[in-house]
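First the structure, in the form of structure tokens, and then the observations on it.
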């Protein structure tokens, strides 16, 4: 599964994208955030405050309870500040 | 007749007159055009801004703006619609975003332009990094923007 | 710093880009510019329109628009404001009116532009005469315009 | 007192402005409309429906009950259709 990071999530993790392979118990976006936070210090920092993390599955905004089954591309980023 | 919808994400500046002309030239059914131009300010809540760098999520940004332009077309009787959002480094006084809405009547043009701006602020995957006197920092989302977007939610 | 306010009544067309530039050039405190352009349509409620002729009350038109721009400046934190209203004969596709509002924030720019348009429709002494397929007739005021203006009345 | 007419009020009366000298009993804009309507057939037609007539004294909108004392310029016109 391809994971993308933007803005300060990207800066804290130190990369813009990677392929991850979470275990079967990781079923929702919220589960995935928790699992990602355990992957090392930079991930712990990036995902320290799950409330400030937004997620998209296949380029559509999703909530933490969304299932990740079948997702090709999951993105994590802070609240948006465009416009 | 299909309603012309243009969505562009680009580093280059845009030409407001050309975008207005694209929605009005050769037509006599357009009675109202509203434009919103968002511009980089040199000061944000008292902090000096030397420049903004806009990061975006290519692919999703176009898709998300496309979902909102489709909703605007479904909610208001528009004759045309253009959204241009710049990315990259932008200095104070430079343009950031343009929304142009055209309709037979002014209410539809005003309301759809406000709707699109409120959603661009809260849902389009763009992030501003501000270069200031003390270094650079990511701009925090404004709670007022969430409230502004929430007013368009159908009951 | 005084806020630049421009009010012009003229037969000639206007240049939207030039008017935007007049409110933004050399400044870094403008974050939002809203423009409303009213355009002559070739069809009004099913009636063919060959041209409009706009009559106005010279002296009062400027004074009345001036009262509303002053109220807009008092109600919203604007950095600049321009109203241009054409008179004389105007054909379908041609511009009639331009309102440009500039502010640090988008809410003020949008709301003041809508406020000014609602009052231009109901209070500025202009009258449209429509040349159609059956001859010419004075355009009747729309009840919706009165309702739109009434929403700005302070409680 | 100078009186101005616009749009179909002007067309029905057949002139754009004139000087009038109403009697002392004519004190309000409403009184003046009634008095004007009696000045001839074209005036009767122009002022036949007082509810559709708007008035301004010295370039400011006024209601029918407004006093005309001291007015230099009074204008009569239909509801406005600019913008």
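Order as written gives the chain letters A, B, C and D; numbering starts at 1 within each chain.
In the analysis below, a contact is a pair of C-beta atoms (placed from the backbone, for glycine too) under 8 Å apart; a residue touches a chain by one contact, two chains touch by 3 or more.
Quantities reported herein were computed from a predicted structural model and do not represent experimental measurements.
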item	value
Cα-centroid distance, chain C relative to chain D, in whole angstrom	26
Where chain B and chain C are represented by their mean Cα positions, the distance between them in whole Å	22
Distance from chain D to chain A - Cα centre to Cα centre, in angstrom	72
Residues within chain C bordering two or more other chains	38, 117
Shared interface positions of chain A, touching two or more other chains	none
Graph class of chain-chain contacts, one of line, ring, star, complete, other	line
Chains grouped in pairs wherever the two touch, ordered by label	A-B, B-C, C-D
Residues of chain C touching chain B in the complex	15-17, 20, 24, 26-43, 92-93, 104, 106-107, 109-110, 113-114, 117, 148
Chain B residues within the chain A interface of the complex	38, 54-57, 59-60, 63-64, 85, 96-97, 117, 120-129, 138-141, 145
Residue ranges of chain A touching chain B (in the complex, touch as defined)	4, 6-8, 56, 59-61, 75, 77-83
